[in-house]
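Remarks on the structure that follows.
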Amino acid sequence: MPYEFKTTRRVEFSDTDMAGIVHFSVFFRYFETVEHAFFRSLGFSVVMPQLDPPVGFPRVHASCDYRRPLKFEDLVELHLLVVEKKRRTLTYQIRFRRLEPGPVEEVAVGKLIVVCVQKGTDGRMHSVELPAGLAEQIEPAPTALLAGP
Amino acid sequence: MPYEFKTTRRVEFSDTDMAGIVHFSVFFRYFETVEHAFFRSLGFSVVMPQLDPPVGFPRVHASCDYRRPLKFEDLVELHLLVVEKKRRTLTYQIRFRRLEPGPVEEVAVGKLIVVCVQKGTDGRMHSVELPAGLAEQIEPAPTALLAGP
Amino acid sequence: MPYEFKTTRRVEFSDTDMAGIVHFSVFFRYFETVEHAFFRSLGFSVVMPQLDPPVGFPRVHASCDYRRPLKFEDLVELHLLVVEKKRRTLTYQIRFRRLEPGPVEEVAVGKLIVVCVQKGTDGRMHSVELPAGLAEQIEPAPTALLAGP
Amino acid sequence: MPYEFKTTRRVEFSDTDMAGIVHFSVFFRYFETVEHAFFRSLGFSVVMPQLDPPVGFPRVHASCDYRRPLKFEDLVELHLLVVEKKRRTLTYQIRFRRLEPGPVEEVAVGKLIVVCVQKGTDGRMHSVELPAGLAEQIEPAPTALLAGP
């Protein structure tokens, strides 16, 4: 069963700041790039209007450790690993590796915890179990594959 | 009746790019800063869930002429003027003046055309007349006050 | 000689706003996606530190006409056409077509004017001629290919 | 000596996403709003070109725990507390409280670690001691004031 997913992304000019590097907040937008591509690879979307009522995946925690800067036009690999699958939450590790220009280097490692929610009849969001068709397809990655702290 | 509104904004680090200046796309986010503050000053919001069905104001045109750069921590005046009020659309001019550091200079001038829409029973958006309580409060600015082309 | 370039982009969650569609300012970030890919296809970059002193391409005008909304996970074609090449400036037309989900539709058309600048010995930016190796590779698109007003 | 700083910010339309709430990456841009206002309150800026060579403050860690959503036009208090001051790094806690509409509620709490760097004669960034004039003005907040984990 899938426990990881990789995609790449080229750094855009609008991702940089006046220090000449990718702004630290932009790494969190990149988190979603790979998270959502992972969902699509499983035939799902984080936006699931076909479920009634629809479910969503708000974030309860996001963090990132920055080791090296990313620059304009760098090609970066986004590598998502499933750290934990609970009934209502998923925890991911997201690793950033610069592929171009070389040498290949790890530039950052992040963590994201999302909870599955659904709007109740009272109009408020409530946490609910992960959609079965999604949960059945995912398993946690072997611990040895996860980056150290 | 109101035909203009001013507010100020300090340039943030995340608004800059690697050229050391505010990214050109960010000026359009600043458009909204003054547009929405203008609505609030009239007791309205661009998000009007209290109307049934709710109305919204998607953009049909946006443009900006850039004369001078804006930099981090510059204090910029955002000056909105109503150019035209039609039954279903509003046209604004938005002028950017750097107040700090001096000397005061015009840095950009923009234009924004918005249309009032409502979701029909077919689930699609249709243009509708501006809410009466809003339209009654707004008039076009005297032509002499508008910046030249 | 090249007068156009196409690339595609999938709409990301962070590109959307609470109206459920791509925020109008984000289209201008997409402008750059295709502009910079066009430069790379010619062996250039908008960031040219190898020139001494480096040149840059600040924007003097940007505009966009919005016809239809873009939504999360839509696949959009970005089509850049060179409208005009002057000694110091380039004018582009940028057309947005939604490829997925179908039917294929034009969603927006934009215009971007950039000027080539170089930092002078006085520390200020001055407009300069386009780098020869770049200008020689580009020509204006046939008028018949440009979208109407 | 100062160990905290507060400012407020009104949520903008472009800060929201299609879920109708502030995108989780935007909280990190808000981090900087209060961090940089804190620096200005001390007579400093995170951009210090007056130092020779200039120093900067890249981030080595950023994290945020999200408890409640923020919505368009909410007024949010950004509360920065200095957690730790070392010779070359600063650690902040940043707390988000929604002031309007009431009731006042804590919506998120974040952490940011920055390192002071300077470009060496080899063109690379090196960590250096915090500028004396800045470091002398800051002290860690009393532990009792910091939010729990």
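Going in written order, the chains are labelled A, B, C and D, and every chain counts its residues from 1.
Just so we're on the same page, contacts are C-beta pairs under 8 Å (C-beta built on N, C-alpha and C of every residue); 3 or more make two chains touch, one makes a residue touch a chain.
Small disclaimer: the values here were computed from a predicted structure and weren't measured.
For the touching copies chain C and chain D, the fraction of interface residue numbers used by both exceeds half; the interface is of the same-residue type. Using mean Cα coordinates as chain centres, the one most removed from chain A is B.
In whole angstrom, the spacing between the mean C-alpha positions of chain A and chain D is 23. Centre-to-centre, using mean CA coordinates, chain A is 34 Å away from chain B. Distance from the chain B centre to the chain D centre is 29 Å, each centre being the mean of its Cα atoms.
Residues of chain A in contact with two or more other chains: 13-14, 18-19, 21, 25, 29, 32, 47, 72. Those residues of chain C lying in contact with chain B across their complex are 18-19, 21, 24-26, 28-29, 31-32, 47, 56, 58-67, 69. The touching residues of chain D, counted against chain B in their complex, run 12-14, 29, 32-33, 36, 40, 45-47, 72-73. By the touch rule above, chain A contacts chain B in their complex via residues 13-14, 16-21, 23, 25, 71-72.
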